C-alpha cells in the first residue's frame, strides 16, 4: 500500500532544455519523497528495445540534463528514472517523450537585452540632443585635463622633451582609445610649443594609430613639417621589457612632462617612481582600478577610471562625444534607481516577511532574478 | 636645515638599502611566526577536497610568468600535491599565455617527487599553449580534445584515459586559475557565465583586493591571495598529513612581516617630520 | 569607399557579434567560434610586422648614426638573434643537435628571460617603500584616510599583525569586503558603462580614432 | 656555502644584479640588460607567434586539412595582408578594412559580456538580500557598502555641477575611493615584497648557496 502511494505520486517529465543550441533534454522528477537515496536516469529512443544508462540525477534539485552527444534534435527520447529507497527501488517512466530543439533566443539573457536597448537608446538620444543644442551640455571640470597645457608648457620652459607612455592593452580597450584622444591634445600642444615628444608603444596596432594621431595633431597645429615618425617608437612585446625600456629612456632623456595613459598592470609604479625621480610633472590616466592607488601616490594628476573615458570626450568637445557622456550618466541614474528600489523592497520585504507577509519579498525576488 | 628637513628629503637610495637589508636578514635567519587560515583559502581547499571520488577533474591553469612566480608557483605546487594525494584527477594547463607553460612544468616537477604512484594520463594530464586567450576558455567548453588536440608531450588527447572521459566543463569540478592579472575575470566571464563551471583563483596579493567582489557574489569558490594564501594552503596540507616539500611560501612570510613593519615605520616617521616642519613653518 | 565602407564593416561585425550572444542556436555558435577562434587571431598575426619594423628601424638608425650608446642597440639585436636561434635553430641541418644541447629554448627562457622579468618586477618592492614614504603625508582628510587604511591593511596582512591584536585580520577583511569593495564596485560600474558607451560609439561609427582620425 | 657551477645560473645572477644596479643610478650594465631584455622580448614573441598561431591556426589546416571549408581561412589572411598596405603611400587607407573588421567584432562581443561582468553582477551584489540582514552587524556593513557604491557612482557623474546633494554625495564617494586606494596599496605591499624575496632566494640559494 505504501509502495503504491509512492509509486503513484512520483512523476517524471522529459522536455527540451530551454535556451540552448539543442542536443539536450532535461528530465525532472516531481513529488519525490525525501527518503530517496539516489536516482539513476535511463534513456531509449525509437528502435531501441531496452533502456540504456544516461546518468545520475541530483537528489537535491531532482533534475538531470541529458546532453549526451548521441541526442539528435527533433527525435523523441523516452526516459525512465530508478529511485533508490532504503528498502526498495521504484522505476518511473516519463509520461511523454522529450524532443530536443535548438532555440533562436536565450530567454535567460532578456535582462541584458533590455538594459542594452535602454542604454543604447539613452546614448543615441543624448547624442541627437547634443547635436541640436551643443551649448546646453555641461560637463564638469576635470582638473587633470587642464593640467595638460601646464605640463607641456613647463616642460618647454625647461627645454625638456615630453613623454607619452601608452598602456599595455590593445586598440580594442576603451582606455586605449581615450589615451589616443589625449595624445592628440598633447601632441597639438607640443607642436605649438615646438618641443620634442616621444611616444612609446607596447601594441603594434596602437603604434600605427598613434603615428596617425600625432601626424594629424601636428597638421592641426600648422606644423606638419615638424612631425617625425621616428618619435613614435615600438619597444618590445614583453611587459617588463617595456618597463625596462621606458625607464631607461626616462633617465637618459630626462623629460619635463610624462603622460602615462592607458591600461597598466604592475609596471605602473615602476614607471611613475622613475618618472618622479627625474623631476617630471606626471599626468596618469587609467581604467585599471588596481593600479590607481599607485598613480595617485606617485603622479601629480590622475584621471580616475571613467574620468579618463569622459576626458577624451571632453577634449574633443564634439557634441556627439559629450552626448554619449550624458547618456552614460543617465545609465548610471537608471542603475542607481534599480539598485535603490531593490534595496528598499529588500529591506521592507525582509521586515514584512519576519512579520508574516511574504508578498513583497516575492516582488523583490523577481527583481533580483532580473539581473 | 634641521634633522627633519633633511630626513624628509633623504635620498631614496637609503630607503632602498634598508628595504634590502630587511628582506635578506629574515631569509638567512627565519623567525618562525605562526600561520592563520582565512576563509577564502579554507573554502577553496574544502571544495577541491570534496571532489575526491566525484569523477570530476580539477583544471589548474597557470596564467602567470616568472615575474609573479614567487607568489603563484607555491600555490600551483600545493594544489597539485593536494590532488595527487587525494587522487583527484587534475589537468595542468600551461595557461592562456605562452609564458605559463614553463611555470606549470616546474610546478609538476616539484610536486610529483613525493607521489611515486601517480600515473601520467590517468591521474594528470599536462596541456600546452594554444593561442586565443578568452577564445580558448570558450573552446574548452565545447571540447578539450578539439581545442588542444595533443598534450604538452605530443600525445593525442583521445589516447589518454583522463582526457577521454573529461572533455569539457561538464566533467570539470573546478577551474583554478593562477594569475596576477585580469585573467581570472575572463574565466568568470566565459567559463562560469557561459558554461556554469565553478572557478577558484590563486592570485597575487595585489589582485586579491580586486577580486573580493567576485568572491562575495560567489563567482569565485575561494581564493588564495599572495604568498600568505600559499602559506595557508601549505599549512592546510600539513595539517591533513599531505607531504608539502620545501615550504617556500611559509619561509617567505617572515621577511614579509619585517618589511611591512619597516614601511609602516617609514610612513610614521615621514608624518612626524611632516607635522614638525609644518608647525615650525606656521610659527614663522 | 575609403571612409564609409570600413565603418559599415565595423557596424555589421559589431552588431552581429553582439546579437549572437543572445542566440543559442548552433548556427550562431558556429559563427562565433569561427570568428573568435580563427579569423580574428589570423588577422592579428599580420600586425606584428609593424612592431618588428619599428623596432628594427629605431635600433638600426641608432647604430648607423653611432648615437651615444649605440652599442646597446647591437645588444638588442643580439637578444632577438638568441631567441630566434634557440626557437628555430634545431631545424638547421647539422647544427640542430648542438643548439638543442647547449642553447635550448627552455634554458634561454629560464635563465635569461625569466630572471630579467622577475627582477624588473621586484624593483617594485623598493619603489613601493619610497613612494609610501614620500606620498603618504596627512595633508588632507582624503590623504589621511589613504595612509591610515594602507597602514592598517599592511599590518593586518602579515602574521605579526595578528600577534599584536587578534582582531586585526578581521578588521582588514572587513575593510576589504565592505568599504573597499563598495568603491571598487562603483568604479567598475562607471568604467563598465563608459566602456559600453565607447563600444556603442565604435559600432555606430561615431568613435573612429582607431582608424587614425578622419 | 655552495656556489653554483652552472654557467646558466651565473648568467641569470649577473643579469639580476645588472637590473638592480639601476636602483643606484643608470649605468652601462643596466643599459645592457635592458636592451638584451627588449631584444629577447621581440624574439620570444616571434617564436611563440610562429609555433602557436601561424603553424596550428593557419599552416596546418591549409596544408594538411581536408575539409573544403578550410579555404575560408584565406579571407582573414587577405584582410591581414591589407594591413600591410600601410607601407605604401597610395594604398595605406586599405588598413582601415582589417582594423574596422577587428574592432567591430571584438567590441561587439565584449558589449554583452561587459554588461554581465561589470554591471549586472556588481549591481546585484549591492542590492541587499534578506540573508544580508541575518545579524545586525552584517546589516550595517551592507548598508555601508550600499552607500559607498551609490556615492562612488555619483562621483563619476559628469554632466551636472557637483553642488548640493550631488556634491555632498560625490564628496562621500571620494572618501570611499581614497579608503579603497589605501586598502589596495596596503594589500599590494605584500606581493611586491614576495617578488623581492623570490629574487633574493635565487641569489642566496640557487647562486651563492648561502641559505638552504
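The chains carry the letters A, B, C and D, assigned in the order they are written, with residues numbered from 1 in each.
By definition in this document, a contact is a pair of C-beta atoms (placed from the backbone, for glycine too) under 8 Å apart; a residue touches a chain by one contact, two chains touch by 3 or more.
Source: prediction; values computed, not measured.
Steps from chain C to chain D, taking the shortest chain of touch contacts, total 1.
Relative to the centroid of every protein C-alpha atom shown, the closest chain centre, again from C-alpha atoms, is found for D.
Counted by C-beta pairs in contact, the busier of B-C and A-C is A-C. Each chain gets one centre point, the mean of its Cα atoms, and the points for chain B and chain C are 18 Å apart.
Chain geometry summary: the mean Cα position of chain B and that of chain D are 16 Å apart. Centres computed as Cα averages put chain A at a distance of 14 Å from chain D. Each of residues 12, 16, 19-20, 23, 67-70, 131, 180, 205-207, 209-210, 213, 216, 226, 228, 256, 259-260, 263 in chain B touches at least two other chains. Looking at chain D, residues 19, 22-23, 31, 33-34, 37-42, 44-45, 53, 57, 86, 99, 102-103, 106-107, 110-113, 115-117, 119, 121-126, 146, 149-150, 153, 156, 177, 181-185, 187-190, 192-193, 195-196, 198-199 sit in touch with two or more other chains. Chain contacts: chain A has residues 109, 112, 116, 171, 205, 208, 235-241, 244, 252, 266, 289-290, 292-294, 296-297, 304-306, 310, 325, 332, 335 touching two or more partner chains. Arrangement of the chains shown, judged by which pairs touch: all-to-all, with no pair of chains left without contact.
Residues 12, 67, 170, 180-181, 206-207, 209-210 of chain B touch chain A in their complex. By the touch criterion given at the top, residues 19-22, 102-106, 109, 112-113, 116, 119-120, 123-124, 127, 171, 174, 177-178, 180-181, 184, 201, 204-205, 207-209, 211-213, 216, 230, 232-241, 243-244, 252, 266, 269-270, 272-273, 276, 287, 289, 292-294, 296-298, 304-306, 309-310, 320-321, 324-325, 327-328, 331-332, 335 of chain A touch chain C in their complex.
Here chain C touches chain A in the complex through residues 18, 21-26, 28-29, 47-51, 54-55, 57-58, 61, 69, 116-117, 120-121, 123-124, 127-128, 130-132, 134-136, 146, 184, 187-191, 193-202, 204, 206-207, 209-213, going by the rule given at the top.
Residues of chain B touching chain D in their complex: 13, 16, 19-20, 23-24, 27-28, 67-71, 98, 129-131, 180, 185, 188-190, 193, 204-210, 213-214, 216-217, 219, 225-228, 248, 251-252, 255-256, 259-260, 263.
Residues 109, 111-112, 115-116, 137-140, 171-172, 205, 208, 235-238, 240-242, 244-245, 247-248, 251-252, 290, 292-294, 296-297, 304-307, 310, 325-326, 329, 332, 335-336, 338-340, 342-343, 346-347, 349-350, 353, 361, 367-368, 371 of chain A are the ones that touch chain D when the two sit in their complex.
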